[in-house]
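By letter and in written order, the chains are A, B, C, D and E; residue numbering begins at 1 in each of them.
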Amino acid sequence: MNDLRVNNISRSFGGLQALQGVSFDVASGNVHGLIGPNGAGKTTLINILSGVLAPTSGEVFYRDQALHRVPAHRVAAMGVARTFQNIRLFPTMTCLENVQAGHHLTAPRPLLPRLLRLPSAGREDRELAAKSRGILARVGLDAKDSHLAKNLSYGERRRLEIARALSFRPRLLLLDEPVAGMRRAEAAEVANLVRSLAGEGMTILLIEHNMSFVMNLCSRITVLNFGRVITTGSPEEVRGHREVIEAYLGSGGHDA
Amino acid sequence: MLEQLAQFYAVYGSVINFIGINALLALSLNVTLAAGMLSLGNAAFAGLGGYAAGILTIYFKLPYVVSLCGGALVAGIVGLVLGLPVLRLRGVFLAMATLAFGEVVRIAAVNLDITGGAEGLTGIPNVTKTWIIYLTLAGTAYFMAVLRSSKLGWALVSMREDETAAACLGIHVTYYKVVAFTIGAMIAGLAGGMYAHLNYLITPRDFGFFIAVDLLIYNIVGGTRIWYGPILGAALITALPEILRGVGVTAGPIRMGVNGLILLLVILFLPNGLASIFARVRPAAAKAETA
Amino acid sequence: MKRFNRLLFAAVVSVGFISTAVNPAFSAEAIKIGFVFSMTGGAAAYGATQKEGAELAVEQINAAAGGVKIAPIFEDDASVPQQGTNVYNKLINGDKVAVIIGPTLSNTAKITNPIAQQIGVTVLGVSNTAGGITEIGDYIFRNSLTEAVVIPNTIKVAKEKLGLKKVVLFYGNDDAFTKSGADVFRKVLQAEGIQILSEQTFAKGDRDFSPQLTQIKSQNPDAVVCSALVEEASGIVNQARQLGIPKTVRIIGGNGFNSPALIKNAGDASEGVVVGAAWNISSTSPLNVKFVDDYTKKYNRPPDQFAAQAFAGVHIAYQAAKAADNRKAIRDAMVKIKGLDTLLGQFSFTEGRDADHTPVVQEVKGGKFVVFGN
Amino acid sequence: MLEVAGLTVSYGPIEAVREISLRVTEGTVVSLVGPNGAGKSTTLNALSGVVPAARGRILFQGRDITHLSPHQRVSQGIVQIPEGRLVLAGMTVRENLEMGAYRRPASEFKAGIAAVEARFPILAERRNALAGTLSGGEQQMLAIARGLMARPKLLLLDEPSLGLAPLLVKTIFDIVGELRSGGQTILLVEQNARQALLVSSHAYVMENGKIVLEGPAQQLMSDPAVISTYLGQALDAPASVA
Amino acid sequence: MNLLAQQLVNGLFIGSVYGLFAVGYTLVFGVLDILNLAHAAVFTLGGLVALWLVQTAGMSIWLAFPLATLFAGLLGLLLNQVAFAPLRKRADSQFSGLISSIAMAIIFEAVAMGLFGARSVRFPQGTVSVHIWHIAGVTITSLQVGIVLVAALLMVVLTLFIQRTRIGKAIRAVAESERAAMLLGVNVNGIIASTFLISSALGGAAGILYGLYFDALAPDMGRSIELKGLAVIILGGMGSIPGAILGGLAFGLSEVLTVAITGTSNLRDAVAFTVLFAILLIRPSGLLGRGKMREA
């Protein structure tokens, strides 16, 4: 079964054609990679899938629900979470608070019981804090729960963003360069996390430049170049694809 | 001692009352500031609330509490209607749009008959008591403090931090902005109603541009990030002329200059406002990271 | 930081106590009079001359041999009613003053005077001319002749001398003084059967009146009847002449126009302006001549009506307070003031505690206010 | 020409660059490679004076410039071509070039612009266009041309290939190669380690704010550890064997 | 008599004054994205200092004008140094800069009041000789013509300065990107200081012309124009110099035409601010705003 169906998506900014007729499917429970050179339109695509941008034309379906032209908050409500290439945490919140803020869709947190100091409110908050700590532990940040997000290291911030995205138990997770700037050990931990999330049935679409990460983790990969899909296929197929080599890995290779 | 306290209240009662009302107004602005929106319309909302409450009392002979609620409701409804179009604006542009709205409200009050024109709406009974102001303030402050932990509060703070990221967590940004704006308008309207019933009179000039700016000053001076910040700011700025009078700074330009100087010093040397004197906002984390 | 907290509280409280330490208002040697004038903010221009007039009076009274002296306490309401309220509480409950003179603005008075009324402290307004001030209660007085008295007289005289048939009414609509003045003008004009061609308004702080004056010019009125304070009045007079409204079209104003600043600021353009007022600077009564002399010597500038009324106010309050030994007695003495010789003329209070003396109508001639008729 | 010793840069409590030392010899191209967030750009910014050095010394042509302000360093001949190009979008191409020569005497301007326009004909063609309307590649060329207008003694190049199509990446590196041949001293920061090493004589590898490896570029390129870690993309991708 | 023509002349004139005031305002915003709410206080002090130079120091207005303008410029440097530079690195510098400039405005106003008193003061009669022309029923004074010309001249000079000169280009570069300008060797702090110098000098010049024409200077005279100045720079487009002049004219004309059309002046300010409100909703970048939008 396909979770996500991207059908003939185009998007232009002014005169610049960022995406042109992009189509591919992401199967349920898969880890799907999206690669391509800088400026190929990968982030634009993620922005469209998460409702941050509307496509100029084309359609996207998530579990047979139309997702194009749906605003970001409703996309999230459909169970789609994302991270950002340029990391958009809530900088002056602590790690724990970032994850707690992420529970917007799943935690009712009603005002009235809080005003009345009903025990249910305290219970909910304690449960949420515990749950959030659990999520932090999953990305290895439980020891830093009271640190401000802006004071974390680069890799820690990336992991915190994943934790925040996980907080409302999404079924589709869009990761934009999740291991960029990470050390190898750190990246390996993230790879394990992604694998276990997929094992739990979550569908994951990720953009990454680190080829070993992508090739090891993804069952299918879509390659973009100049806003067009070059190919979609298994890591092996992509590895051997003539055009991919030229477009993405090309110039460096030629000189070598 | 009791006698002395009574004496103190006799002299400073009105200052104490105004501190309470200004603190309420500051909190009303804080609701929107908490979500990262700068509104200069809250003074106008207070004016709307004040006029509405006054009119309800004078013309409709409604009891005080009903008039107050009516004032808050009128301000809230106008806030809702205004919020829908203007809240897609950001930063200075939102400030200017709300400012223009405030001016239009003021000019309307000058030209309408029911508001009493420039002389203002007179004959409003003086029934607002200090305890009513402070009970309302305490309630509002409690509301603001608790709000922080509710769904709405989390959404507002998330939006202040990063609107796009907030939207991607399922937060309906426009909706929460309008809600915050409307709540702010209602609190301002409530404060305005109490003001009108404290002063016998409400005039268009009580809620002009400079008052709108004052509300911002209270917040920035006191600190916007914690519920008691705006209250501290309102208290300091409102009491400042009295404090200066008390320490013998003569009336007139000198007192005005010292007033400005203190404002400048606070903004330069207390970046997080007065509230940061009383509580480092996050002591644990701050220590942990420098260690 | 708890310590700081406590420190702050202690500081605030002690400041309070220091300034409220019991000072009997009715000691043998001095009467405490509180003055509430707008020394900063929008009305600062008026508050400043009021303070000068009052200071001069206090100085002269205290310099006089023998008798009770005045201990003046000057406070600034910053032209804001809130501040006025604070100042009133401080003067009444803290300083325990015997009488309050002020406040500058009618709007402030409406908010502050009930406080004094409630406690029973006599307030003498020396510049409030709006309606509804003395109605606040039996402790509230004023020596400022209201527009309701000055204007009918002015219009009557102007109609007689100039044969007015049609006029334009021009006023500030966002200020209590100018607005209520305009209301009186309108009523009187209608009563006198003079046609109002149109009404034009301006806002406080405006400097440019040419759009309105252009409209006015096009309507060819016999005169422009204007309710404005002197800051705006000077600009209006000046620009009216610049725009070519001929000097035969008189500009007629009320109390707000009665200031040397009009002549100083509008210069030649002010020639022929008709000003109805409570006080005439060129009045030859000995008290007035001495006042104008002393004031001009002290401040290098001739006095205006604000100064004159403040000066007279101190004398009136002193008259009532010097023999009294409690606040109620002062009020009772105030009511009894009849035919007191002041620079304003023979001064009495009406039943409603408003000023009762003869208003004047002046015109500007040769750079001076001279009597136009009365 | 440039000598950096024990340079540390911190943003608040975070040390983005920790005690690094490096040197650039006159007439050579030296590259600084490593993953995103390793501190490469911060290092360049510290050299330009945009961010202050918390500790350490920067010597340029034997003079200590650690405490000079950015414009003084430009006057000394240190010119950075920033990441993301930062062309002045609302100004014309010509005006951008003029701004490049901001610290140079006006008399040089004509000759400078002629030289630059000869090297980048496209800029001559679009002389009066607003810089914001140029394509990405044109903007990168403008950024380089603008940097050259300042007659740099040391050129700091930050990620010149970022966001460019492969063909343009090649063009840009060709330009770097030409500059090298012309004797221009360059410190190059690149994520595209392979490309960077190819044009450099010496290279430093940064990770987590520290320099973890250094050596002649040729040697680094054949170091198996470097290959697996920093040239990883190329290794995993079959392209590397093509 | 041509009523409408006279009203258009009135609008043109007051619009130029608004524009002149707003040019300095918008310049600082264009470069720094910060509203300098002390601009009105500088405007006031410029006028008052010129008056002092003429009246007390006995100078000719032709000498006093440039000196007072220079003085206002120096006030701008002071403003930058005290109220803005220390806050520049702060995350909320937009808000805190607003407050610190208000604080400076209060201090300036207090100083003005302390030195010159609260009363309105005026230039001595005959400081400039005024001719009045009546052309086809329309009255124009030489002072009006002079002020419109000075406003036009200053705008042309300022535009050329910004477009052509080295400092002007550096100012634009800083406005585009502080970082890029810094890397090109622009002394950014120096340029920001000069921007304040120019902006405040223009504000001071506007204050002097205003005082000369309206014959009344007072410590709080900036307050009534401050709000209109804000409206004007929004109307014209934040940061746009021709926009400020155009916005000033548009605002002035809208005021005047409201009076001319309705026959009364009650609605004058209401119409002006309603127009402003509408512009914000329809076209937030203003009449001549840069493409850079600050809305969602």
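Everything that follows uses one rule, which is that contacts are C-beta pairs under 8 Å (C-beta built on N, C-alpha and C of every residue); 3 or more make two chains touch, one makes a residue touch a chain.
The structure presented is a predicted model; accordingly, all values stated were derived computationally and were not measured.
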| said: Tell me the fewest steps from chain B to chain C, where a step is a jump to a chain it touches. | reply: 1
| Chains contacting each of chain A and chain C, listed by label | B
| In terms of CA centroid distance, which chain is the most far removed from chain D? | C
| remark: Chain-centre distance (mean CA atoms) for chain A and chain E, in whole Å, is 49
| note | Cα centre of chain C to Cα centre of chain D, whole Å, reads 74
| note | Note: chain E sits from chain C at a C-alpha centroid distance in Å of 34
| query | If you average the Cα atoms of chain A and of chain D to get two centres, how far apart are those centres in Å? | reply | 31
| Multi-chain contact residues (two or more partners), chain E | 110, 113, 223, 266, 269
| note | Note: chain A residues in touch with at least two other chains are 151
| said: Can you list every residue of chain C that touches 2 or more other chains, as numbers and ranges? | reply: 39-40, 173
| field | Partner chain C, residues of chain E touching it in the complex | value | 1, 3, 6-7, 10-11, 13-14, 17, 110, 113, 117-120, 122, 125, 130, 132, 134, 139, 141, 210, 214-216, 218-221, 223-224, 255-256, 259-260, 263-266, 268-269
| Which residues of chain C touch chain E in their complex? | 39-42, 44-45, 47-49, 173, 198-208, 210-212, 214-215, 217-218, 230-231, 234-235, 238, 242-244, 261, 264-268
| note | Contacts from chain D onto chain E in the complex sit at residues 48, 50, 69-71, 74-75, 79-82, 86-91, 95, 98-100, 102-103, 146, 150
| said: List the residues on chain C that touch chain B in their complex, please. | reply: 1, 4-5, 12-13, 15-20, 39-40, 74-76, 78, 81-83, 85-86, 88-90, 92-94, 107, 110-111, 114-115, 130, 132, 172-176, 178-180
| note | Counting only contacts in the complex, chain E reaches chain B at residues 29, 35, 37, 82-83, 86-87, 90, 94-96, 98-100, 102-107, 109-111, 113-114, 223, 227, 230-231, 234, 238, 266-267, 269-270, 273-274, 276-277, 280-281, 284, 294-296
